[in-house]
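Submitted below is the structure of interest, expressed as structure tokens.
Chain naming follows the written order as A, B, C, D, E and F, and within any one chain the residues start at number 1.
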């Protein structure tokens, strides 16, 4: 057990093991994404009220769900960095931020596109939409803070503090926005999905959610590998790797 | 497949533009986040190799000397 | 000789790299009571960086370990003198963490650094050297055995430098210790130890 | 001579901060003036229809309070960072997470408290019904405490950055939003005659949480900023 | 070697200011993010009803543009004052009132111009009718020029003050108000289908006046601030 | 002897009072080509105030008149070095008002102040002395005959001071003039003129 943790702290080991993981996970992810998205796009029955625009759910919901989970991944990595001073956690946190922000962006954009045929407007100040927008700001805040520091070690610590504060706040934000919206907007616009979802629609959705989780993991690992190399630019294992000319 | 013609697939009963653009944007973003880290890593390795070779002045350096 | 006093500060194998340059490597030393240690080196040698590591203000980005066994007083490049407060208020606040000093003690300390008559002028109306002197007045009150001073003579005139040197000697003779940097050689009759950071510098 | 206790030290620090603020009366007057002028901007920008304005008064007042809190919080640690005072505070024997309470307290006293006390004037200017004024003051008192606590986290994290500029707004505005929601909801409830108590209770709970957690985050942030 | 002409010098100064801005991309992104976040504050404070929001969108967008201009204009000269660069500029052989155009230009490019260009996105979020978007962009382009010119006068006068802080808002907000009135009136006219041309023409006239007068005021203000 | 060269700067009966104290009274002097003038006085004597009056940065609050007959270069307590720009960019901007310098000229000047290899490091990653040196590099490029330097040796190491002194001498020998303040005595073989501001000072 301890030796495992010890190894986790060793960049060369992490670099090689993540390479092995990626060699398997990346193809699986791509296949799952392809299957899930074509299934949703081509083979499911359209929703009886929304028609074909309903197919956006197969990218919208997975992106939203994984983006939210991504913030927690980032915050937990930040906590580990602060408490146990593990450098790998810092690498993970830094690598998760752009992926999470991109997925949040996808969720917002697909939601906005979905809104036009469904609600007749690109944007409404719905509770979930608003809190998703706030999540995007939280992600951008972490990225911007990291970039603003010159000393990257300090940047990691500062972002870890920010992530933790943000993590405490996410449920508060979500609850308050939800409550705020129900106060103002008595059920004139409602997601259709809350009630019951047909299993023929559910299975491809579950598949794409899983695929998006895998996608997040892949991107996280690949970002971490690039980051590990850059941080270890002066260590012998990186120099060896560079001179070996192989990039795997 | 649900759609019976290619045209139906494209228009999706009037919602085609929305659905296809949403999927397209998503796929572009996914491609970007999948490709960017690999490129960053390879570019860095190339740069470092170049620097190391330049500082040694010997293109055929072996691993033991590092 | 037979009596070995306990160190006030010990550096264990400190190495620092900044901007791709090794500034120093495997630096180990102890500061004992009575030591007057001057860190030497040209511009950019790493003196300020080292003294901030010793003070505990830099905690990341270097290898090695620093053990501090006592309260310390650090005066850096920046003076910590608030422009809107008077020298009296500034000094009172500077020593507030150490204890409660009476108004006479504050005034005496200010007089000792040549600020008699300037006690109640807002500090932004002081000259560069007077500004710095407000800061140095703290040395006359402090109870800390270990002083870390980064270029304390900056902007101070000749008589001021002499007085400050005398104060440093009194402090180390009384069992304190001083670690300082300066580009001027100390003109004191006490034994000064030197720590040179020239090695490894490509200027 | 033994070092003073951390509470005593904190009180001295608070006094120093207040003296500094009083030396520049403009600093104290400023959030108020800013408030007054932005209140004046709204009728100009939105059109002066009084009944419409009244409906929006709670929201507008709260948004302005939030902005003026945000704009002043950037400066809480900056001058002390730039002139080296903050380094000295870090080296003091007293624990940092208690000392920072003095900074937060001073900031709250000269923005939050003062604004809450004069807000009835601005409320009248925007035609807020008199019955809601009490709730407005109370909600501002509680809410601005949270804003100061959260704003100082942002200030601590960005103080070391060369011209971090408005980065702080990006960091803290998302965190301000729940306060805005419940604060303006409380006032709106009072306007419509509903019970504002629950909203104020939620604001109180947020304040307790913020008081417990943010000094730790601020202290950690300051240590990091000094090091960078 | 002869000193470069004042125009050439001004171009170099502009380039330097833009390089400085680009070195901290956060500085450029910030006014935009600030804009986006304050846009989000309004529905939270005022309630999300789309039609109400649409009615207020012109005013809200203009108020936010004004605030983000105000908040950034404080920093235009501050860092150059603090590190002594401004003294050197005063001593340069080129006339100061031409050099300051570079500061104003850089400020306008990274706040006014950028904001005007992205404002359609925010307009959509507040449900502004698409037909008014063009007028919004145009009015922001013209108006933000005036705002930058006037804001820099305030910045020049307050830069020498230790923590002048928000004093600048007190000085320039009254001068901003006419811009706000005509700017939001232009957009409102476009929303209701009336002619926006006259309002835009007035904004243009204000811009000409400001370009003619404010460099002199700014140069005088800087000389005074350096001396104090 | 017979040839009297035209003055570069002339001060006519300058008097200054600050904070209720007469700093100097009826100060009249001329600075001719070849003059190396050191303004002396303890902290708070009014050196900085005088030099700012001579440069034209202070225009109110003093009596008397200053005539400037030539372009001047002023380096004050603050360095004017932007933290976000590199030394190369900083120096290029500093001399931008005087003319267009080539990249080699900039690089050579930086090398002369010991910043070889630091040309493209952002300036906030420089040490205190290196920061100051970026500023001083300007002296190697400037065409101005008259230099007004306020404590140019601050934070500069020993070899740096020697080089700077040599530069000052070269400048005055070539027909320029230097008015400077410093708390260190100049170690040069050239004739240094002194202007002492001690009178009237109650320290």
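Everything below uses one rule, namely that contacts are C-beta pairs under 8 Å (C-beta built on N, C-alpha and C of every residue); 3 or more make two chains touch, one makes a residue touch a chain.
Just so it is clear, the structure is predicted and the values come from calculations on it, not from any experiment.
With steps allowed only between chains in touch, the distance from subunit D over to subunit F comes to 1. Contact with subunit B and subunit E alike is made by A.
Looking at A-C alongside A-B, one finds more C-beta pairs in contact between the chains of A-B.
Comparing the residue numbers each copy contributes, subunit D and subunit E share more than half of them at their mutual interface.
With centres set at the average Cα position, the gap from subunit D to subunit E is 26 Å. Distance between chain centres (mean CA atoms), subunit C to subunit E: 46 Å.
Subunit B and subunit C have Cα centroids lying 54 Å from one another.
Shown for subunit F are the residues in touch with two or more other chains, namely 77, 83-84, 122, 124-125. For subunit B, residues touching at least two other chains: there are none. Within subunit A, the positions touching two or more other chains are listed as 134, 137, 140, 144, 148, 150-151, 154, 157, 177, 180.
Subunit D meets subunit A in the complex at residues 150, 153, 157-158, 160-161, 164, 167, 170-171, 173-175, 177-178, 181-182, 185, 206, 209, 213-214, 217, 220-221, 224-225, 227-228.
By the touch criterion given at the top, residues 1-3, 9, 12-16, 18-19, 21-23, 25-26, 29-30, 32-34, 37-38, 40-42, 44-46, 48-49, 52-53, 61, 63, 66 of subunit B touch subunit A in their complex. Within the complex formed with subunit E, the subunit D residues making contact are 24, 26-27, 30-31, 33-34, 37-38, 40-42, 44-47, 56, 58-60, 62-63, 66-67, 71-72, 75, 79, 162-167, 169-170, 173-174, 177, 180-181, 184. Those residues of subunit A whose C-beta lies close enough to touch subunit E in the complex are 121-126, 130, 133-134, 137, 140, 144, 147-148, 177, 180-181, 184-185.
On the subunit C side of its complex with subunit D, the touching residues are 55-61, 71-74, 76-85, 89, 93-94, 96-100, 122, 143.
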